[in-house]
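Okay, so subunit A shows up in both of these, paired with subunit B first and subunit C after.
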Partner chain A sequence: MNTLTSLEQAEKILAPWTKEAARPEPNRLDIIISGDDVFACTAALKQESWGYLSAITGLDLGPDAGALEALYHFCQGAAITTLRARLPRQGGSLPTLYPLYPVSSFFERELSEMFGITVINTPDSNRLFLPDDWPVGVFPMLKEFDPKVEQPRMETSSQTFPSQDGQKFYVPIGPQHPALKEPGHFEFTVDGEVITEARMRLGYVHRGIEKAVEGQNWVQNLYLLERVCGICSHTHATAYVMGVERLAGVEAPLRAQAIREVIAGLERIHSHLLWLGVSAHEAGFDTLFMYSWRDRETVMDILEALSGNRVNYSANIIGGVKFDIYPEQAATIRTGLEYLEERIRHYLDIVTSDTLFLQRTRGVGQINREEATHLGLLGPTARASGVLRDVRVEAPYGPYTRYPVSIVTSEAGDLEARFIVRLKELFVTINAIRTILDNLPESEMSVRVPRRIPAGETISRVEAPRGEAFYFIKSNGSDKPERIKIRTPSLCNWTAVLSKAPGSQLADAPLLIAGMDPCFSCNDRMITVKRLEHS
Partner chain B sequence: MQKNQFPIFEKLKTWARVNSPWAIHFNSGSCNGCDIEILATLTPRYDLERFGVKLQGSPRHADILICTGPVTRQARERLIRTYEQMPEPRFVVAVGSCALSAGVFQNCYNVVGSIDEVIPVDAFIPGCPPRPEAIIDGLVKLLQSLQTAPGTENQDQVSVEKSLSRPASSLMRIE
Partner chain C sequence: MFSALQPLAQILLFPAGLFLVINGIVIEWIDRKLVARLQNRIGPRWFQPLADLVKLLAKEEILPAAANPWLFIGLPMIALAGCLTAALYVPIMGLQPAYSFSGDLIVTLYLLSLLTLSKGIAGWNTTNRFSLVGATRGFTQLFAYEAPFLLALLGPAIAARSWQIDTIIQRNAGSWIILTQPIGFLVALIGLMGKLELPPFDAPEAETEIVAGAMTEYSGRGLALFNIAKSVEFVVGLTLVAALYLGGVNNPLEYLLKTLFILVILISLQTLLTRLRIDQTVGLWWRFGTILVLIQWMVLIVWKASAL
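Moving on to the complex of A and B:
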């Protein structure tokens, strides 16, 4: 189905509630609705299986306008429908979408903590992502909030989850724990060895980037946003520059677009090999950990040869890229990829044949396609459950419009499938890099972009190694952004862990957590989750 | 037991400490960039274990606390708690620009500041992120300094409370 028909269909579905409709961009439909109708609209879209809930953006229109806006973004292929509900600046409320999309509870908590919007009937309205000692009634994303003013520390109970009774046995994991490389706090209620309930608290790495970007100019933000995540730094920078370029009405030269995707491909290889090692480590298979990280150094060497840095390559500038790929470098990349291809084949063989390892992965944490769709999973975690979800295929950008990539899926939906899907995806990535290198177009490296970006809104989606990275960018015509909303894939994939942990063995918990390739710093750029109820 | 009463014990302790320091890694708000480089430092290409450094899980077994990232409000208390759980003498290594100065996150509302505004730091390794070679260099320099200055008096006496009462570093909140 093409984008236009998708949007027309959405317009028809939403007609009963529509107050006003607009097409701000060829692939976007904005529908203004009343806040009370959000649930009905979402239910209608879901019933017609129109797309999935990708993100909810909160928008403060400022004290002069005297209103807040909640934007519900639904994506189907390249088409994006946004439901816009306008609310008063104080005391606004919205219904929860939790029964339709469990992942929405994460987004809704962000709304209530950052903007002071009350979410009605939400399964949990506890403090979500701000620190325990954050003062009540201070909403950091409102325009009048000054991030430079230090907030007073409030009295808190030291327990992160206060509502415990003496009858159950709780196993806390984290924030500092050998099984976690990054800080997150999990609390498993156990019955013997079996987990009966899972709760989590993130926010240890929450820095407040979305507020900080509003105080810096467009170029400065490039460097800040690259550090949302050190593993997929290039993805964040790419999503950001693609959005800003669209707002500015320029397009990066073809060669720059191609180089961006070569780097993105190399990043995907390094990220997946990193994940393979860490997951193997969680399963107690340290040999695989060491081998995969040894081979990962091949990619790191290539990235360093290209950009001068191993992590945070800083390849992008607004309007293009910083460095070229010379023929000798292309030859080095090809040699490296040949070696990696052989090694990845070996790893694929190991994760599908090693008996001990298979006992840890086969049939563990199984999620079928319906569940995966309902939970709103993204990236390889969704693809391992047979959901065809990949921005590079659904809404191709850059060189993917000319050289399509194939999508790797599995129907099994267990941990083993997640290993297989990720490793097989690397072959696709390696081939994509080769194709792009063979057809590097000749052009300039960058185009000039004005300091002030014309007013407007855009949505930029990029397939990160972990799934769809979603950027909503709004400019007010000045040299600083009005609002940038970042939704990273790890956040959506947490539902997979929390819904699958109950019933699993406690010993499987670290591997379940690692299996979806969580990235805490991505999540915590803006949001954290305290608790998820289970049906 | 008084120090230097049995110098041979002190020598033995220093020898053991320098040759097999155990490290614990704490991420207090990092973007992961430094964390993956620390992990890379332990893998075959760089192999930090040849210096006897072993990364392990419990602060109670650790000699060195390797910190990454700026300190966020939520992680601050946990960082102090982890530090206090470590047996003395304990050493802190701050890895990366953010750990040194809060880096690009200086203007973020949930960032308290650099590591040394919360706990005392013995070695600083700059970089965004530092290369594994730089991390190895920093740790080896720390170990060398232990060899020449056994007993590490200044470490034992710097309490967290004392360090917290210091004025905020001039690196923070540059208006």
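Moving on to the complex of A and C:
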């Protein structure tokens, strides 16, 4: 189905509730509805299986306009339908979409924490991102909130989850825990070795990036957004620059686009190998961990040779890329890829044949296709359950229109399938990089982009190693963005852990968490921390 | 005068005591270094285990408020004492055991179990959540491997018609039981890994789930003593398996070669295998370990009876 017919279909489905419809971009449909109709509209879209809920953006139109807007973004292929509901700035409320899309619970909690919108009937209204001692009634994403003003601290109880009864046995994991070297907090209720309930709290590394971007100019933001994630830094920078380029009406030169895909491919290799090691370690197979991380150094060295950095490569600028790939560097990349290809083949052999390792992965955390769709999973986690979800293929952007990649899926849906999908994806990636290096187009490295970006809104979606990264960018015509909403794939994939943990063994929990390749850094972006020391 | 000092020296210097601790430290270093090399890491320098030990002994011991202080301090000592005492009945360095009596094989095996028992009670005593889960897993694992391990070590005893370690070694002198009872050897070897909670049987201290298991709340001296106890148990276990299955250990050279041989096998297995879940560990022992060893026992008993 092409984009146009998709949008027409969506328009038809939503007609009963539509107050106003618009086509801001060829692939986008904006429908203005009343806040109370959100549930009915989503149910209608889901009934017709039109796309999936990709993100919810909160938008403060400012004290002058006196209104907030909640934007529900649904994606199908390249088509994006946005339901826009207008709410009063204070005391606005929306129905929860949890029964239709469990993942919406995370989006809604973010919305209510950051904008003060009440979500009705939500299964969990505890804080997800803001700290426990954040004052009640202070909503950091409202325009009048000044990040420079220090907020008073609130009294808190020592328990993260307030409603606990003393009869159950809880095993806490994180945020400071050798089991999880990342700042998330999980609480598993166990009965013997079996988990009966799982809860989660995020936000330990919120850095207030979404708020901070509103105070910096478009160029400065590039460097800030690249630091949303330490692993897929290039993905975030690419999503941002592509959105801004679209708003500015320019297109990066062909060679720049090709180089962007080379870097994205190398980043995918390093991310997946990192994940392979971490998962092996969580399963208690440290030898695989050590070997895969040793081999990962190959791709890290390549990235360093190209950009001078191992993680924040800073390859992008608005309108192009910073550096070229010279023939000698291309040769180094090819040699490195050859070695990696051989090693990855070996690891694929291990994860599919090592009996003891398979005992820990085969049939564990199984998610079938219907469940995966319902849970709103993204990226390799979804593809391992047979859901064909890959922005590079569904909605090819930038370089992927010229150098298409194929999609790797598996039907099994268990942890083993996630290993297989991720490793097989690397072969595709390696071949794609080779193709590009063989056919690097000749062109400039960048084009000029004005300092002020014309007013407008755009949505930029990029396939990160973990799945779809979603950027909503709004410009008001000045040199600073009006609003940038970032939804990272890890946030959607948490549903896989929370739905699969109950009933599985405590020993499988670390592997379940690792299996969706969580990235805490990009989950947690959006809290404003006041610097206490004034220098 | 000398005769009064001799038992004291046996307990404090050789074969138990200082010598065993040093031996244990060396074994720990070989274990860590070889695993590291096999995993493509550099591994610790030769004095690292000793440095770790000295550091831990010098550090503050934090006593959890909820724990019984007597148990908390006493359990590591009991564990170490058990392991050191066990060493008196086995031919350390290929020399005659310091003490010997009929049935000392059983006593030695139970003394070796004191470490796991102490760890389990210690985990329960500290009331930490991870400790509790670790202690439960430790005990579960104990019930899984203990019976097959015991049965496997009794195999050579039956062949020698004695339950006295010294006698078994003398009567079996020159014959490598590993050749006639290969299953027993395998079970004993894997049982030793279970006893020492080495990978893949490290579920009781699986760091990715339950931090350090029963040891989570231990620090300073208590942790140091538990660590020494584990190293000492490693030595005693290696000696026992080498003496019973690899044709005895009659001189220091033979002792070193044979224990090192077993150590290298254990290290390779540690590197190659993924951690088992506790239910998988129990399943493995009762479904395969115990049954295999019982089959071997039947063969052994029938063969012995027909030889009479």
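Quick notes on this one:
The rule we apply is simple: the second predicted complex is superposed on the first by the 525 of 535 C-alpha atoms of A that agree within 3 Å, B and C clash if a C-alpha of one lies under 4 Å from a C-alpha of the other, contacts with A are read in each partner's own complex, and residues count from 1 in each chain.
Methods note: a contact is a pair of C-beta atoms (placed from the backbone, for glycine too) under 8 Å apart; a residue touches a chain by one contact, two chains touch by 3 or more.
As the structure is a computational prediction, the values presented were derived from the model and not from experiment.
When both complexes are overlaid on chain A, the residue A:D508 reaches subunit C alone and has no touch with subunit B. By the touch criterion defined above, A:M290 lies against subunit B and subunit C together after alignment on the C-alpha atoms of chain A. Comparing subunit B with subunit C, more residues of subunit A are touched by B. After overlaying the two complexes on the shared chain, residue contacts for A:E193 are found with subunit C alone; subunit B is out of touch. Contacts of A:Q359 after superposition on the shared chain: subunit C is touched, whereas subunit B is not.
In the superposed model, A:V393 makes contact with neither subunit B nor subunit C. Of the two partner chains, neither subunit B nor subunit C is touched by A:I317. With both structures placed on the common chain, the touch criterion links A:M445 to neither subunit B nor subunit C.
Shared contact residues of subunit A, touching subunit B in one structure and subunit C in the other: 177-179, 290-291, 294.
Contact residues of subunit A toward subunit B in the complex are 130-134, 140, 145, 147-148, 151, 153, 175-179, 181-183, 203-209, 211-212, 215-216, 223-224, 227-231, 233, 274, 277-278, 289-291, 293-294, 296-297, 300, 310-312, 519-521. By the touch rule above, subunit B contacts subunit A in their complex via residues 24-37, 39-40, 43-45, 56-59, 69-70, 72-75, 78, 82, 103-105, 107-111, 128-129, 131, 173, 175. Subunit C makes touch with subunit A in their complex at residues 38-41, 129-130, 132-133, 136-137, 199-200, 202-203, 206-212, 271-280. Within the complex formed with subunit C, the subunit A residues making contact are 169-173, 177-179, 190, 192-193, 280-287, 290-291, 294, 354, 356-357, 359-360, 505-510.
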